[in-house]
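Per-chain residue numbering starts at 1, and chain names A, B, C, D, E, F, G and H are given in the order in which the chains are listed.
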Amino acid sequence: MKKLMKGNEAIAEAAIQAGCKCYFGYPITPQNEVPEYMSWRLREMGGVFKQAESEVASVNMVYGAGAAGVRAMTSSSGLGIALMQEGITNLASTQVPAVFLNVMRGGPGLGTIQASQADYNQMTRGGGNGDYYLPTYAPSTLQEACDLIQKAFDTAFKYRTPVGVMVDATIGNMMESVDIKENVQPDPSIPDVNEWCIRGGRREDGSVHRIKGLFNVPEECEAFNEELAKKYDKIRENEVMVDIKDCEGADVVIVAYGTTARIAKQTMKLGKENGLKIGMVRPQTVWPFPYDELREACRDAKGVLCAEMAIDQLLQDVKLALEGTKPIATYHRLSGVMPSANDMYDACVKLAKEAK
Amino acid sequence: MLKEVIFSGFGGQGALLIGQVLAMAGVIEDLNATYRPTYGFEKRGGVAFCDVILSDEEIGTPVIENPEVAVIMDEASFKRFEPLVKKGGAMFYNTSLISSKPTRDDIEYFEVPCNDMAKELGNDKVANMILLGAYVGYSKAVAMDSVEAGLKAKLGHGKEKTIPLNRKALEMGAAIAAK
Amino acid sequence: MFIVKVNPDYCKGCGLCIDLCPKHIMAMTGKINDKGMDLAECAKPEDCIGCKSCAMTCPDAAITIEKQ
Amino acid sequence: MGEMIYKRTDFLKARPTHYCPGCTHGLEHKLVGEVLEELGVIDRSIMVISVGCSAPAYDYANVDNIACLHGRAPATATGVKAALPDSIVYLHQGDGDLLSIGLDETISAAGRGENITVVFANNNIYGMTGGQMAATTLIGQKATTCPAGRDPHLDGYPMKACEMIATLTAPKLVARTALYDIPHIIQTKKILKKAFQNQIDKKGYSFVEILSTCPTNWHMSPQASMEHVKNEMEEVYPLGIFKDED
Amino acid sequence: MGEMIYKRTDFLKARPTHYCPGCTHGLEHKLVGEVLEELGVIDRSIMVISVGCSAPAYDYANVDNIACLHGRAPATATGVKAALPDSIVYLHQGDGDLLSIGLDETISAAGRGENITVVFANNNIYGMTGGQMAATTLIGQKATTCPAGRDPHLDGYPMKACEMIATLTAPKLVARTALYDIPHIIQTKKILKKAFQNQIDKKGYSFVEILSTCPTNWHMSPQASMEHVKNEMEEVYPLGIFKDED
Amino acid sequence: MKKLMKGNEAIAEAAIQAGCKCYFGYPITPQNEVPEYMSWRLREMGGVFKQAESEVASVNMVYGAGAAGVRAMTSSSGLGIALMQEGITNLASTQVPAVFLNVMRGGPGLGTIQASQADYNQMTRGGGNGDYYLPTYAPSTLQEACDLIQKAFDTAFKYRTPVGVMVDATIGNMMESVDIKENVQPDPSIPDVNEWCIRGGRREDGSVHRIKGLFNVPEECEAFNEELAKKYDKIRENEVMVDIKDCEGADVVIVAYGTTARIAKQTMKLGKENGLKIGMVRPQTVWPFPYDELREACRDAKGVLCAEMAIDQLLQDVKLALEGTKPIATYHRLSGVMPSANDMYDACVKLAKEAK
Amino acid sequence: MFIVKVNPDYCKGCGLCIDLCPKHIMAMTGKINDKGMDLAECAKPEDCIGCKSCAMTCPDAAITIEKQ
Amino acid sequence: MLKEVIFSGFGGQGALLIGQVLAMAGVIEDLNATYRPTYGFEKRGGVAFCDVILSDEEIGTPVIENPEVAVIMDEASFKRFEPLVKKGGAMFYNTSLISSKPTRDDIEYFEVPCNDMAKELGNDKVANMILLGAYVGYSKAVAMDSVEAGLKAKLGHGKEKTIPLNRKALEMGAAIAAK
């Protein structure tokens, strides 16, 4: 059933409907409605809500609950995610599933409390130490945010990995009609958590489950890293999500995600009205990034416009995908100043002209 | 059908609330709706505004660059949004607090001394409802009954007794737009 | 004779000065500033004993007092 | 022209604050400013600003200032003081900042005996972010993350900063005060003066907890908020001097 | 064959530890293991392992276990317990872990009254990383980051965990014990038993600080280390029960 | 004067000789000798050493001292740097200079205490929120580590930015002869700190200095971000450092830094002995990365071997530089297992053969 | 009669058992294990009173005691 | 001139110390030197080894893949490093603790019962010095006086009185290599 909901609350409800049983978090604007909603709703649903003493504590609480095989999550904004980086790399190294929601505000540092997408590097290139990645969904509408956070739990448990969901503050704060899937059952392909999780005591055969990421012997740690790398390859192979629109024969392809992609739709409309064919590639996963899909989709384009509420962060991946095969232009607004569909259109026109 | 309106005031005036109520009213009428608030640190004072879009089609961007209508509650918002209103659009502004005068001749202006009017109604707090009423009266975006229903849903239990007063305020506003 | 001045840029009409004035002479003006804040004033300057309670308690440092 | 018997402290810039009407943050800045002026140390004072409703105080302090990350003001103040041992450092922190995310920094700086003065605005709530539960929230008190009121079995018990810090050896002054009437305002100012005098004399760490209000998130008038401090908060957080050493 | 009157607790795996000769970490694990066995809860016990010399205890615990990040064991234990309320959670933490980097998590978990049992191995030093100063290092004690001995004016004063935690409302048992002779070992075991019984009974948080040794970084023999506990440490960290509620 | 010193101690001494007056840090292997050395030596030299309660505290202490215009630093390993990410983005946003030394150990998470280079993303792509970068030096020998940490202070103050120095644990733990430049004077082009730093009170004109990174108005924050971006462009323009060896006419160019680059030298020797011309591009700054220089240096190469103690992290930048113009192969060992000059040579041979 | 067994895989020769044995019968063997650790033993089993002090204090849980 | 040697034992045996002393001795003789230690968590027990390179040219990599000489103090190190020694190289091993027997015929082996020898000298702790002496005697990488000077520098003030004993141990080791 469709319901008008505030983004943060809708996402929280969607998580609960996907079986989230533990939420730990610390207030930070612009995502406060997530813990606020969880504080009564998750408890009402028999789950555990704890307001942590900090984001550092949050991620480590999530670690404990996830290690027990339970669907656990936290949410924050970029500053808080920064504090969680050690915890996230630890989850990666201990292979504990969990979901991290980042409702992005302006940076760097304290920045602003308005919408931003400048945590792209933060989510896709870590900040924790070591060779790990955080598979991360980047929904564009409230509906998609709800759908993808539900999927995020499955992905986390399928691969035993922390998973991110990143939305700009616009998505967290806006209201829109959503139809949240209720009582969503886990993907049946997910292995039984009892194969690895801690429960207390030992198995019947005397074995114990250890959740740990520390190694005394370099060779063992290296072997583990190679295993982990294989897992990431598998995720790259299976989990890329991308939405490609009107790219065939397009003069310009816009690459954008989140709210910027919604604005880009308006730009595409302007294109249609004015005779410029504009297509769009909208990554729904930013890690793994749809490199091949993007390259393929841009085949016909004269140029590619990378649009983001950040300075040249998404751009890196666009460049890695295109490998110098297409002229790339960029368009950005920052820190809560919203991108303009008109300006984006002008950028497309300019690019089309220059690229001829 | 596509309606795009911005409500703006300083924190505490209730610009965000009426935006939400309008979005709810839209949903009650089975329209698609988006509501996008923007605010700063201040719990009181400081600009707080929201974009509301109602449409019977899927809504693309929830961000309004150039609103058809701006509903303005304070001086600072007047200055900020007057230049942005679409040619041919309209602006409702709270003359109880705003001393600025209209500068454009390609949009329609509606003076709404909503704080004074609210005082007349005996409750300062419904000033924002008067403005919402004015907008709805003008735009016919939704029916006034839907607005009332939206308000009820927003306020939740225990506040039903304030509905009649709010309804009165809405009608009072609508009357201005009808003038 | 004391002159109790309330700076309308700073005053937010919280009313704390009104509460703590031993002479009960601080009061709301009924006016509001451009942020919609109510404004306080010393309604009966002639009764003021210059105790500074109003000024001391004002969270917004809106009040100054002059002895004349 | 007559004689000014009460003027706005020069510690504050000539501009209004964003604080809600009746909020005690402003009152606390003002009292500290008056104390720093009276002590004649404005010209070497630094305000170390925490993240909470007082975060934008960088616009109000009329002395050099530094805005810290949430909870880290004591660490930043430690760095400032390491670089500028003769500066007078005024930390202003809320309860989320000081007792939750920044508890480690709070206790550790106190344990080291950093020569700083901490003013703790304990308002039992997260003001800035819209009224979530704090470590100090009273049992039964409603907040946006305990909408049914704080339940000790779910959310734990109020945490007492002074009592905890007083177990440390280094702190010189540890006190809790309130602001709900003139005698208490005067007493607070006296204690603040002592706290800064300690710093001037390089005696070490001083900690002044002030029972503060948040009319907005308490959903009370400023007056009712002051009454709440007197009638409810003080019971859980008794006023007093927990440590005062020379 | 005769009757076993003392056997190795089944809580420990059949393998040697990496601990230095005479280090009390092993003794503490063993006592906890014996207590868990006697209480009959081994089959639902979980060891929550901190980062310090006891970090590799994942190889020793013969029950499910989870190795935490440095300082975060109380938060992780909170998560474990949230997911598994009937598990019996044994946290083992060093002083760097519990009182420095993890102080916030320590106090906050205690403040919330998490139903867990914390065993605090206070050895006045960072063992794992090679003997740096801890918050608990005694005045005058040498460590690699205070090679001339801890100077309170530069490095602050020893921090007292029990005294601090006892100011909180939620904790049920807060005690400090030692291991330098048989009566103290027996007493420690008794207190540990109470601490875990509290958890079994869902009464809430218990905290047992054990004055521990680090012969290697103290540069003392195991025997001399035990004497040091008795003669030097105990003076600064008096043994006793700071809180014991029902 | 040349002296045999332990890496960590040499770097600490070099920092002191470059005017470092405040050190704040928390122990972590493999860099403990840095705080240990500082604890007596810096005090002896009239500076301040504080053992922080955590890495989170360390970075915020550094912030306070840096804000006062003083040369301050901290050091840690990847886990601790992860905890500092919020602090580092804050320094970027408040434009406070400071130096961060990362002595890298194996990851992810707790990993191992042996040498690694898997914190490349962590250092070059942040982990804090927002659009910021950490200019980072990646020395290869002890001598270079000493020279570059001294330069790092200048760079930090020249641009008012946090600056990183990253070395693998090998460099931190090994001993080697070094000649530490003594009593190094600041680069004269550095603007007077008194223009911005806090000192207490106000200037004569009544102005006060504010160190802050929070904005209430999005437009102001956006403008600030654009300014910051210009600063980063300037750093990209002026501060790239790269060591290029024998690339002209090389069959294979190895891209490597740190200890891996030293091992690669051995591989080059093997090449010389066996008739395969191997060149090397060794980035000395990893941010800004020598994209142009690398591309140019590889012009003659049949193929490029990216060698690192990490999985495909440096590789990203190599790809961004080469834009698909050359076949790239990779060689890595991880988590304390040292790369082998012989295996690296085999990889070169294979690459040369395949690339023809 | 008590049999005090010291497991040579666990014993590290710390000597704490020697210290706390009320009968002073725990002693070093003079042997070392393959990690170079000294090993303790009960040198005079016949004097043992089975008080378990040695076992209780052993940090490495190296000692078991059997009553025969 | 280029000398590459690995010293390896378990934590507490002092393999790292003798590596450092050798590097210092090299520097005293104006050679370039690198010393690269590797160890695990254990303060006692657990493998601890180091690569030492002495050269009159600039040293490239400080990592030794295949040492000319391995000086081995315990069983685990024997197993680990025996296969890595360069053809034609040598291995010194501590027969007091190592029961493994040589398996290669392309390297030279030296049996050094250094713990027993140290006991003879009346101090367990100099076992490592005996091995260092053996290596220096064999390799002639540096003069024994330089080793003594290196040791002095390493030990620092207050420990000079141990020098004669250590010198004795070094010579005792050198004698083995001379055999």
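The rule is simple: a residue touches a chain if its C-beta (ideal position, glycine included) is under 8 Å from a C-beta of that chain, and two chains touch if they have at least 3 such contacts.
None of these values were measured; they are calculated from a predicted model.
Among the other chains, C has the CA centre that is most remote from the centre of subunit F.
In whole angstrom, the spacing between the mean C-alpha positions of subunit C and subunit D is 25. With centres set at the average Cα position, the gap from subunit G to subunit H is 35 Å. Centre-to-centre, using mean CA coordinates, subunit D is 58 Å away from subunit G.
As a whole-number value, the distance joining the C-alpha centres of subunit A and subunit H reads 53 Å. Each of the following residues of subunit D touches two or more other chains: 18, 20-21, 51, 55-56, 67, 69, 100-101, 103-104, 108, 112, 128, 130, 135, 155.
Counting partners per residue, subunit F has 53-54, 56, 79, 86, 90, 94, 109-110, 114, 212-214, 216-217, 336 as the residues that reach two or more other chains. Shared interface positions of subunit C, i.e. residues touching 2 or more other chains, are given as 12, 37. Touching pairs of chains, sorted by label, consist of A-B, A-D, A-E, A-F, A-H, B-C, B-D, B-F, C-D, D-E, D-F, E-F, E-G, E-H, F-H, G-H. Residues 216-217 of subunit F are the ones touching subunit B in the complex.
The residues of subunit F lying in touch with subunit D in their complex are 21-22, 24, 48, 50, 52-54, 56-58, 60-70, 72, 86-87, 90, 94, 198-202, 208-214, 216.
The part of subunit A that touches subunit D in the complex is made up of residues 26-29, 32, 35-36, 39-40, 43, 49, 51, 53-55, 79, 109-110. Taken together, the subunit E residues at the contact with subunit A in this complex read 18, 42-46, 48-49, 51, 55-56, 58, 61-69, 72, 75-84, 86-88, 104-105, 108, 112. In the complex of the two chains, the subunit B residues touching subunit A come out as 20, 23-24, 27, 32-38, 40-41, 59-63, 65.
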